[in-house]
Every structure is written in C-alpha cells, then in structure tokens.
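Here the chain labels run A, B, C, D and E in written order, and each chain numbers its own residues starting at 1.
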Amino acid sequence: TEKVGYENWDEVVATAKGGTVNWFMWGGADNINQYVTDYIGKELQKRHDISLNRIGINDTAEAVNIVLGEKQAGIDDNGSVDLIWINGGNFRTMKQGNLLFCGYHGLLPNNQFVNWQDPSIANDFGLSVDECEVPWNRAQFAFAYDSARTQSPPKSIPQLIGWVKENPGAFTYPAATDFNGSVFIRHVFYHAAGGPEALLGDFDQDKFDAVAPKAWAILNEMKPYLWREGTTYPNAIASLAQLFANREVALYFDYDPAIFGINVENGIFPETTRSYGLDDGTIGNTNYVAIPYNSPNKAAAMVAANFILSAAAQYEKAKPDVWGAAPAIDVGRLTKEEKSRFTELPRHPAVIDPAALSQKSLPELHPDWISAIEKGWQENVAK
Amino acid sequence: MTDVSLEKLTKAYPGQTRPAVNDVSMHIDGGSLTALLGPSACGKSTILKMIAGLLPPTSGDIRFARQSVLQLPPNRRDAVMVFQNHLLFPYMTVGENIGFGLKMRHEPKKDIDRAVGRMLELVQLEDMGTRKPNQLSGGQQQRVALARALILRPKILLLDEPFSNLDANLRLEMQQLLNSLHQELGTTMLFVTHDKEEAVGLSSKIALILNGTLRQYASATVLYGQPKDEDVARFFGARNFVPGKCGPGYFDCALGRFTLPESVSSTGRLLTFRPENIVVGGDNILENSFHATLASKQFLGSQTVLGLQKGDIFFEALLSPQIAEPLQEGSTVSVHLPQRSLWILG
Amino acid sequence: MLMQTNRHTENSRDGLSGPVWFSLILLVSWLVLPLIPLAIWSVSRSWYFPDIIPSAFSLRAWNYVFSNTSDVLPALGVTTLIALCATLLSVIIGLPAGRALGLYQFRGKALVELLILAPTIVPGIAVALGLHVVFLSLGLAGSYLGVLIVHLIPTLPYMVLVMAGVFANYNPDTEAQARSLGASAIQTFFYVTLPAILPGLLIGSLFTFLVSWSQYILTLLIGGGRVVTLPLLLFNFASAGRNDITGAISMIYILPGVVLLLLGARHLTGRSRAVESLRQI
Amino acid sequence: MLERWKIPLLLSPALLLIAGLFLGGLFLGLIGSLGYMPLLGREELNLDAYRNILFSTGFYQSFLLTFYISLMSTIIASALAIGAALILRRHFIGRSVINFLFQLNLTVPHLVGAVGILYLFSQSGFFARLAFEFRLISGPSDFPAMIYDPLAIGIILQYVWKEVPFIGMILLANMQTFGHDYEAVSRTLGANRWQSFRFVLLPLLSPGLLAAALIVFAFTFGAYEIPALLGQSYPAALPVLAYQSFTDVDLNARPEALAMAMIIALLSAVMIFGYARLARRYMRS
Amino acid sequence: MTDVSLEKLTKAYPGQTRPAVNDVSMHIDGGSLTALLGPSACGKSTILKMIAGLLPPTSGDIRFARQSVLQLPPNRRDAVMVFQNHLLFPYMTVGENIGFGLKMRHEPKKDIDRAVGRMLELVQLEDMGTRKPNQLSGGQQQRVALARALILRPKILLLDEPFSNLDANLRLEMQQLLNSLHQELGTTMLFVTHDKEEAVGLSSKIALILNGTLRQYASATVLYGQPKDEDVARFFGARNFVPGKCGPGYFDCALGRFTLPESVSSTGRLLTFRPENIVVGGDNILENSFHATLASKQFLGSQTVLGLQKGDIFFEALLSPQIAEPLQEGSTVSVHLPQRSLWILG
C-alpha cells in the first residue's frame, strides 16, 4: 500500500474530502444516470463531502482515448478522468498502456465483500485484475422473448440452430463489432469447441484453427435463415432491441439481464417479455470501475469506488425499479440482515433470476481470443 | 422584315402613382431604323424592355408582324436587346460573351469562333477576345454588348443607349456598322437615345417621348423644323420663342412683323426660329431683318452661340466660329430670320 | 456593379404552377417529416410495430430532461454560448480568408482551399486524438476556451467556403467608390461590404453555429467531460435507442435554431429586399 | 497600397489556426500511423499499417461504398437544392411558411435526423406500418429494405434530407446577390429557360454551389455516425471501419486505425481536388 | 484650392504588354475645371482611378498641392470620384446613397437629411429619395451618383463620364450645377469625357489623351484651331487635310494657292481647315476661293454636312441647314476658305 501513497483509509478519506470525482460512464440509460447522480452522488456528498460529476459517453473507448491522449501529451498527474466504468477490451487497452492506477485494494474497507477467489471476478475477460479496478456489477448473458408471440424459445445453441431454420427471418445477432454480438458469437464458438475449457488461457493459434472452421460453418449455415437472409447484421445492440420491439425478430439477448426489465419499464419491450439462460450455460462477466493513473483525485475516486462496493449502494442498484443489476459483492459475506434484504428483493418479471442464471455460468475468454474470433467472424461470416 | 406595333401600351411600376409609360401607340415599319428619343426617365428603357418581353405591360398590346407577342417568352420573340448597363456575363470571356447567343442556338463551335472573330474585328476589339469584361474600359464593354447582339442578326434589334460611352469617331463607325447590317438584313431596329443628334444621324424616324407619352413621331426634319408644340421644339434645341399674333401670311411681335412661308398655318401665337438658321451680321437689309445687341458669345467647338437682345426679347443664334469671330460683344448687329426658318406654334 | 433594373413586383401574377407546387410540397414534407416522429416520441411510452400512433403516452422523457440529473438545461446554455462565440470567431477569422479565396486568383490557391477544407475531409477521430494532444500541450484542454477554439477547426471551413462563394460574385469597385466618398476602411466594411455580403454571412454563421452546436467528439475529448454540451447528452440516448429521451432533447435542440431562423429568415431568403422575379424568365 | 501583402494578410488568421492546430493534430496522427508509439516503447517507423490496409479487399469495398454514398448524396442533394432554390426565390403565396419549413431541419444534428429516418423507412417503420394497415404487406420483412441495405438508401436519404436545406440556403443567398438581370439578358439573346439557367444562372451560382457540394462531399465521406447507425454491417463505410479499429481493444491496432484515417484523408483530398477541377471547368464553360 | 500634378504617371495592368497610361505629366491648377478627353479605351478612367487612390500607378507620382499622395488611402485624399458605371450601393435608398459620405464623416443625421433633400432637388429627383437604385432609370442613377459626390464638396472632384446618360437639357443644367459649385468652392475638378463638345462647353482646359499618352493640353480654341498634329486635329472633327508645300506666307496644293495668316508657321506639309469655317455658295470671288462640286449633303439636326470634291481632293463643310438648303447635290459651288481658318500641320 505504500506505493499508492496513502498509509491508511482514514488518510484517503481525509484527502478526499471536498474533492471531485469525474466519472466517465455510458450514459444511454436514464435510470442508471439517475442512480449514479441522484443516489451515489448524493451519498458521497453527504458522507464524504465529495462531489460526483457523472459524464455520459457513448462508448467507453472515448474515455480511454482521453487518458491515452493525456499520457501522450505528458499530462501525468492532472488528467480529466477520475473513474471509468470499464471492463474487457478497454481494461486491457488501459493496462497495456499503463494507464491505470493500481494496487489500492488493500486500502478499501469494502474490499472485504469482494470474493477475489472467484476467477470471474479476479479476471476481467481473462485478464488478471491486479488491483487495478474494483468490481461494480455482475452480468450474465441471457435471452429474452415475447411470451405473447413465441411459445417455446430455443434453450440451447443446438436448439437455437434448429429453431432459426424453422423460423426464418425471426432471429439475428449484432455484428462482431458490437460487444453483445461478439458475446453471442463466442457462445457458438464454445458450442463448436464442445465447451469453453479448451479455449481458456492465452491465445493459441492451433486451438483456434481447430475450432474456428466449425464455428463459422454453424454460423454460415444459420445465415440464410436469419433476418434479411443474413445479408446484414445490426451494428449495435440497440438496433437489435428496436428489431425485437418492432416484432421484426423474435429473440433478443443481452449481457446484462437487468436491461430486459428496464426496457419493459421504458416501454421499449412489451410487458410480456420474459428471459432465460441457456441449458448449456451462458457467459458471465463482471464489470468494474477503474481509476486512471493520472487522475488528480485518486483519493476521492477510491472513496467512490469503496462506496460502490458497500452493501447499501449495491442493494440500491439491485432494486428492480432502480436498475436491477446483480451485485458484484459476495452477498454471503454480508450480515444476515443485509443478506436477507438482497434475497427478498422482488424481481422484475422480465428478468431471469440471477441466481438461477449463474448456476450455469461460462467464463469469458482472454481478449486476444476475442479479437481473433471477431476478426475471424468478419472475414468468414460477414462477407 | 417584321413590323412592330405598340397599341396603347402602358406600364405602371408597382407602388408608383404615375405610369412610367402611358398609352403609347406607334407603328414601326419592318426594316426601319427608328429612334426612341427623350430626356432622362421619360420611359424609353421601359418601352424597350416591354417589347423585348422582359417586363409585362400593365395594359395595351405589342404586335410583331400583326401578331400579339405578349404571351411569348423573350427568347421566342427574336427580339434582341442591348442593355443600357451592358450586363456582360462576368465569368465569361469577351469572346464567350459575344458568342453566347449562337451557342444557345447550338451552332457548331467552329462557326461561332469564326463569327466571334469577325465581330471582334468589327467593334475594334481584336485582341480582347480572351479578356474578362472587368478588364475592359467602359466603352469597350459597351461595344462587347453591341457585338453580342449584332452577331445574332435578329429580326428585331432593340438598343438601349448603345453609344453613350463612345467617342464621336467610334460612334460614327459603330453607327455605320449598324447601318450596313440594317441594310443587309432588313432588321427592324429600335434604339433608345437621349441625344437628338444621334437620333437624327442614324434613324429614319424618331419617336419623341416626354414623361411617358409619345409626343411626336416623325422624321428628323419635321421634328426640327415643324415641332408640334413648344415642349417638342424645346427638346430639339429651340431656344427662341416670341409671343405675338398671326395675320394672314405674317406674324406680328416685339421684334417686328415677319412674313411667313406659305406652308405655315397662321393660327398660333408663338413664333419660333432655330438658332442655327439665323443670319447675323449680314450687311444687306432684307425682308424679316432687324437690328439687335450682341449680349454674349460662347464658343462651343464647331459652333458659337450668340446671345442677342432686342428690347425685352432675348434669343440665341448659332454661327460657325469663323463668322462669329469678328463680332464684338456689346455691339449692334443686323439679324435676318430667313422666311423658311420661321414656324408658328399653337 | 450591376443595376437590377429589371426587377419588379408582380406578386399577383407570379404564382406557381400545379406541378411545381406539388413537388415543392413533396420536398418540404420530406424535409419536415422525420422531425414529427421525434416530437411524438418525446411524449410516448410505447410505440412499436404495427401501431401507427403510440399505444401509450408518458411524460417521463420530459421529466427526465428537466430533472437535475439530466443536466440538459445547463448544457443548453453552455452549448448556445459556445456556439455563439465560435460563430463570432469564425466570422472574424473566416471572412478575410473567404474574401481572399473568392476575389483573387493567386498561386497556391488550390492548396489553400484544400488546407482550409481539410478539417471537414479528415475523419474526426483521426485528428481528434492528435488534436487532443496538441491542446493538452497548449494547456487548453478541459476548459471552455479550449472547447471554443477546437470548435473553430470544423466550423471555419464552412464559413470560409460560404464566404468564398459569396465574394466570387462580389464587385469590389463599390468599395472603391465608398473609399473615394471618404469612408475609412472600417466604415467601408460596415456600410458597404457588410450589407452586400450579409445574406451569405448569415448563412455562413448559421452553419458555423450549427456545426459547433452538434459537435460531439471534439467537445468530449478537449472538454474532458468538464464542458458538458447538449450533444454529449443527446448522443448517449440516440445511440442507445432511447427514442423518447432522444425526441425530447431533440425538441429542445431544435428550439434555438428555430428562433434563429425566425429572426434570420428574412435576410436569408431576401424577403426584406423584395427579390422579385421576372414573370416569364 | 499593400497590394502584394493583401492576400497573405487576409488568409493568415485562418491558415494559422488550421495549420497550427489541425495540422499539428494530423501530424501526430501521421506518425502514429507509422507505428510510432512511445507508449508501448515503439519508436521506429514502419509502413506495416498501410500495407495491411492496402492488401485487404474489405478496404476497397468499403472505399467504393463510401465513395458511392458521398457521390450520390452530393449529387442528389445538390440537384434538389437547386430546384428548391429556384422555386423559393420566386414570389408565391405561402412562401414564407414553406421557406421556414424548408430550413427547419438545419438545426437538427445528423444523428437525430437518422433516428427520424430510421423510424420512417425501416421495415417496421411508419411507412411499413401504413402498408401493413392497408394490408399491402403481411409483416415487416415484406417491406422493401431501405435501412441496413446494400444500396445504402437509408444513409443517402438521411444525408440528402440534411443537406438539401444546407445547399439550398447557400444558393438562395447567392442568387440574391445577382438578381435576375443576367438571366434577362440571356433570354433576349435567345436562350430558353433551360439555357438561361444552364449557361447563366448556374455559372453564376457555381462558386457557391461548388463550395457547398465540396463541404457535403467531404463531410459525407468522413462522417461516422450515420453509416454506423443506418448502414449494413459489411462492407462498412470507411469511417466506420476506421472507428472500429480505433475502439479496438488492442493498442497495437492503433497504427492501423490512424493509417486508415490518413488514407481516408488522402483519398478525399485527391477526389475533392479532381472534382473541383472538373466541376469548375464544366460549369463555367 | 488644391492643384494636382501628375508626374510621368504610368500604369500597366498586369499581364498587359502596352501600358494603359503611359508617361503622362500634367499640372492641373487649383480650382480649375479640366477635361480629360479621349476616345474609348485611351486610359481616361485609369488616370482618374489613380488620382483617387484606387489603383496604384506602375510608376510616376501624383501630387496634391505639391505633396505626393501615393501613400495616402483614398478616403484621406479628399478626392471624390464618380464612377463611370455609377456603382450605387444597391441595398441603400437613393437618399442613403447620397448621404453616404456625410454619414462617414459622422455629421448629425439632421444635417445630412437637409443636405440630401437639397441635393435631390438640385439633381431633380425630389420624390425619389426613398427608392432603391434599381427602381431608377439609367439617367436617374447617374444623377444620384453625381449628387453623392457633390454633397461632399470635396477639394478635388473626379468625374468619370458624369453625363453620358443625360439628355442635352439636363446635361446643361447639371453642368451649370457643377459650374456654380466650382465657382463657389474653388473645387479642383477633373472630368472625363469622350465628347469634345462637352469638354469644350464645360472646361477651361482640355487634356487630350490618345492611346494612353497625353497629346495636347490646352484650351478649347487652341485644340480646335491649332491642333498639334493630325491625330489631334482628327479627334476634334477635322476631316479636311490637303497635302502640299509651304512657301513664305502661302501654301500650294491641289486646290490652289492659299494665303496663310501671319501667325501660322510656314513649315508643314499638310493644310487643314475646319468644315464649319468654310464659306460655301458666296457669290463674291475673294482670295482663297475656288469652285468645287457638291458631292453629298446630309442633314445633322442643327447643321448640315456638305461633301465637296475638287479633282482628287474630297473635303467636308458644315453649314447651317438654312444656308445649305438651296444648294443642289451635283452642282458646282464656290468655296471660300477664310484666311484665319487655315492651319498647317507638321
């Protein structure tokens, strides 16, 4: 803890007092914005005299690019970003470029609630977290359908393949350039590989070459039965949501099941939307907040990160009318009282029970694998 | 040879109370060269624009070869107009400007180039074909505008002050150019000018417009010698008006009694005689002669104006400078008004 | 200078023919049509195939927009201010350049044109990062001033090119005439040049304003999140498929432009100068 | 007089600004594209990124698509704008209203317009719903694809939608400065309506029109949002391609992203150069 | 009273081989009214623009009251110029156009309005103050341009063809306006014209420019009666040139031997005499008389041109129409060249 420059948590809190945290995060959901600004922001102000400044962005890469530019310009201690909602590739980019402030977990009192033994928390897309970020949410891929229109949605990848052929035009997935599209393709990839186990760890060209053709064959086989005969794929998950909402396709999926409930609440999805996981499991991940190396308000950012890990903040976030996101902390480590508050939380009917979902959880791949799969899809399927 | 006739042509610009052109009717013979003459703002340009089809008349009709053309767009009238302010296309070279009309007729490029070359020569701008209009002097621009119209050899040619920026020699040459074209093609030409000499020198018939109305439409000699009324006479440079009374064959006034030529009606009350027709300083005492005082003398180039006074009556005479030279200001001179120079206004 | 002797007002006679009216209406409806769903969406809760009108209405989007969380109202002020300042600066910097390009022929003109056009040609992201570095080094990043200056880069080409177009048909002799009548260079500009180029200048300013007004990536990068403008808020929702909030913010977005247009429309289209046409031409 | 210094003096503020800031940024982009990344400890320059791009067929397909989109958008928008300007400069009852509506979308950002277009023209959009209502189609998939389609109809529709008022306004402002006199002259010289438009009005308009069309072309060639939102996934428009490599998770892909941007810049510069030359010659002769 | 002097003034437009103005030196007295006369494209406007400071000379100097003004911007020279093509500001009303210069001097609005009102009256455009320039006729526009300059009462007034669109009567009135202003203020006025009569009528001294060079700078009588060379003579309307040989006091040529006035040098080889000074049809046989055939006759309004032929020699005479009328084309007439009308060119 010496290397981060603070002796103990009190010192951090004292330093943080009166500070500001510029938190860059995706800003496309009003409920999340409200949660962050109105709840976390107010609490931080109240408890620690910290003002939280939420900056909505379209794409996390934009924030990463700001830090990158600052590093190139030699702005090493006065950056504009204090906290980023991040995971996966963007985390990797920042780590690769030494853009992160690391090694402070020991300072955070609420770090005790995080189960760092869980590989899906200790690794962000297969990349070791290394005390460079703090978990915020857990998410697991799930499918959604309109129960009023579709009676029996496919419950596994093989079923899906058959279902797509029986229901031509009723399914599509976003292109690999989209985060969610890429996850879907990985599910097919796992299926082709007979499970994720063989693919874990660092990228291996031989293994890839063995599996990839099979995966491409499956996807290409589906292609003529996809929406628009597979001539094109939605560019973004938002487009898929629109297609689903407008009944152009029958299935929707998302890395964050909470979104199903949010979309229903926002009137985007029909009330009869229901969701489910796959029998052969779905990929889960954790998303985090990270502090850039050049944040001028690291102490305040740490206090914010610590607060995010608190039972109260995680509980508020888990409320279905607030966000409905699954907690990143290990609820089992909480007091009984707190624990029961979590378990008694009502669930939005459109959102699958996270506990049930997480029983069949698949790990994420290393970003190098993901890059290779995305490139391979572009070249073998998209064309 | 297309004749043009205007029938009760009237134009009131919106928001103006007095019409700019008021009830003008005239017939212009096919193949004639007619001048629209008048002072500034009398409505000349307005008439021309209506004939060209650029301005709809408020009322009245315009006929080419007895056909009303009011419904025809300008390009279907075969009446080409040269504007008072040139309006050369600024982005085209001089040559392109001149060839514009031919290009519109889809003539082959080679023919256009040849015609433009010839035209440039005729208006004495041989080397200027590739210049832009803004690199020309005022007179050169005017010649380009003229050439741009002449090259089309239209049935009807409308010229608005085509020579106002040209010196006398050049003007003469351009007028000859017009004349030869006119003779060759039988184009009906109508040209606007404020300069009576120009109108007289060029045209067979002159329409005098004053204040939007047609005041007299006749040949130059008639307009000079036998003006219809005082306004017309004044416009044509008459300065000498002596009130008096007519008797049979004579006119009595403060200058004395003058015998009138037979052709002159003896009913009016105003005697007029043109300054250039007065004989001053002759020795022989003839009929219609008297003495007057030479009040002033002004050299005008090819003529000299004498201001003469007899009693209350002041009048002017124009003499060749040579003859005027020996006459002394203040002296008494003999004045003779030749019988044929007298004219009586109503 | 050309004297427009042929203009005349013949309003009553100068109507449009049926087919012309038809195509005009078609064009204009096509221009207005996409804005209508945005307006409806802002008050709808659920509006999906095959509903022709929304199946449920709600003011939720407006509530959000006017809430403190959304930051929309302060952002509206910031955006307007920056756009106005950027416009003013563009005029000051771009007008002379437009004049040089429009009035004169000189060596290297094509190169200058290309250079000025460059910011519109090069995809934003390519320079954005480099620009970010440049601005950081100049210490301009993260400030309103920095954002204002960086906005000039995409706005300037619009101003310069529009003004070059205007000056190409401009007769500088009128300026000479004014100078000869005793006007100083500055007076000449305000009394002679400015009125003559005003329609073009307003257009150029309008475009400049609009470019600044909808600038996203440069504002984000250079502003570093400390300068929050409307597009930053809007684009989040637009790309997230939140049509209701997008619609609501869009309505606010259109507002100043509408005001501006209402004020400027007379000049833009020349109604004030009674542009009349010749009936048959 | 300072005749000789006039032009440089007039140009210098704009050039200083653009050269100082923009070229500075561009230069950093350029060296980045050559693999200069001190961040990752790489300081030697190479052309690998360019080689990779220029050897992939996808790049050329994207280029063609982008070129096609820009060209079509520019041409259609210019043509419609000319037509509209010709009508709007005339006098007619209701002109001011039409005029206002004509300019209404100027203030709307492209992205927002795209949302509107998407709503109107997608297979489940307003027109599809109308068709469904009147039983012309039995479901969204029967409606012709105009969004995410290979012909990029949606993108072009959006660009045209946004740029017609833009060009139209420039033309109207220009027309105002030279009135009707030159056309009148040409009419008496025998030009019919079309000729007087083609040989007189158009050349007079051409500086403004060219400038406007240039801006539109450049903009549509370099813009990312619209093709990202309305375009098909493959081939993607060049800026989308560039953006994708930009947000690539791998920092090592940066040079490629920057190289792509440089190539786009170079290509559009070349095209614009050629276009301006051609157009200028064609319009004024 | 500012005098203006041009010193070896030369202007070559870029890209042109021949300079438009070539080495012109002249001194214009303070308070004088001088005409720059010359045919189209001789460089008149160019000279004026240089004096006004709107065009930098290629070489040479311009001095006002002995001070070089080359470094002064146009608005600091107090030299107001009226352009050949009016250049009214199109978006200002007529009144605003006229008041422009005063407004630039920050005069109080009330004074400006009063001055504009007076000016409008003087140029006879009383009711037109609120019109836009494009609602005026050509001549009205020209008057506005004139008024716009006159209202400033500048030290130096430069007028480029200020009357080209005005009819004779109006021109006269405008000239009187200029003249009265001139007398009242002692303004140094330089005006450009292509019309020799206008130059003669208005100015005390005339500078004849031909092809960019100053050919003769003298009073009107000198230019008419004693031109320096054939070009000058021709420009001033001389048509009659008879080659021959001088003797002491006489000149021998195909028309006979003519006695010269004493003032004429007897060294040249070309006899000239002005058409208007010829006496035709007199009966008395005087010195310097001969007979010739009347070849043609053309009425020009206030004068008639006679074409006369003797042997190979053709020459013209200008007579008052009255005198010319009885003369028959084809007949033989007596011709007298008064001694004082003879002039010998080098």
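One rule holds for everything that comes next: a residue touches a chain if its C-beta (ideal position, glycine included) is under 8 Å from a C-beta of that chain, and two chains touch if they have at least 3 such contacts.
The model shown is predicted, which means the values in this text are computed figures rather than measured ones.
Engineer: Taking touch as defined above, what minimum step count separates subunit C and subunit D?
Structural biologist: The distance in steps between these two chains is 1.
Engineer: Counting one step per pair of touching chains, how few steps separate subunit A from subunit E?
Structural biologist: Graph distance in the chain contact network comes out at 2.
Engineer: Based on mean C-alpha positions, which chain is nearest the centroid of every protein C-alpha shown?
Structural biologist: Minimum centroid-to-centroid distance belongs to C.
Engineer: How far, in degrees, do you have to turn subunit B to put its CA atoms on top of subunit E, rounded to the nearest 5?
Structural biologist: To map subunit B onto subunit E, rotate by about 180 degrees.
Engineer: What's the chain with its C-alpha centre farthest out from subunit B?
Structural biologist: So the farthest one, by centre of C-alpha atoms, is A.
Engineer: Just give me the whole-number Å value for how far the CA centre of subunit B lies from that of subunit C.
Structural biologist: Centre separation, subunit B to subunit C: 55 Å.
Engineer: What whole-number Å value describes the gap between the mean CA coordinates of subunit A and subunit D?
Structural biologist: A distance of 36 Å separates the two centres.
Engineer: Whole-Å distance, subunit A centre to subunit C centre, using C-alpha means?
Structural biologist: Whole-Å distance between the two chain centres: 38.
Engineer: Give the residues of subunit D that touch two or more other chains, as numbers and ranges in rising order.
Structural biologist: If we look for residues of subunit D contacting two or more partner chains, we find 28, 124, 140, 179, 181-182, 184, 187, 193, 196, 204, 229, 246.
Engineer: Could you say which residues in subunit A touch two or more other chains, in rising order?
Structural biologist: Residues 65, 68, 72, 236, 239, 242, 246-248 of subunit A each touch two or more of the other chains.
Engineer: Mark out which residues of subunit C touch at least two other chains, giving numbers and ranges.
Structural biologist: 2-7, 9-10, 48-50, 128-129, 132-134, 169, 196, 235, 239, 273, 278, 280-281
Engineer: Going by the contact rule at the top, pick out the subunit C residues touching subunit E in the complex.
Structural biologist: Against subunit E, subunit C makes touches at 1, 3-5, 7, 171, 173-174, 176-185, 187-188, 191-192, 195-196, 273.
Engineer: Report the residues of subunit E in contact with subunit C in the complex, numbered from low to high.
Structural biologist: Answer in residue numbers: 49, 52-54, 73-75, 78-81, 83, 85-92, 100-101, 103-105, 133-134, 138, 141, 148-149, 152, 154, 158.
Engineer: Of all residues in subunit E, which touch subunit B in the complex?
Structural biologist: Contact set of subunit E toward subunit B: 13, 38-41, 44-46, 84-85, 135-140, 142-143, 160-161, 164-170, 194-197, 200-201, 220-221, 224, 234-237, 274-277, 279, 299-303, 318-323, 325, 338, 340-341.
Engineer: For subunit D, which residues count as touching subunit A in their complex?
Structural biologist: 28, 38-40, 58, 118, 122-124, 139-141, 145, 148-150, 228-229, 231-234, 236, 240, 244, 246-251
Engineer: Under the touch definition given earlier, write down the residues of subunit A that touch subunit D in their complex.
Structural biologist: Residues 59, 61, 65, 68, 71-72, 88-90, 92-93, 96-98, 169, 175, 177, 227-228, 231-236, 239, 242-243, 246-248, 367, 370-371, 378-379, 382-383.
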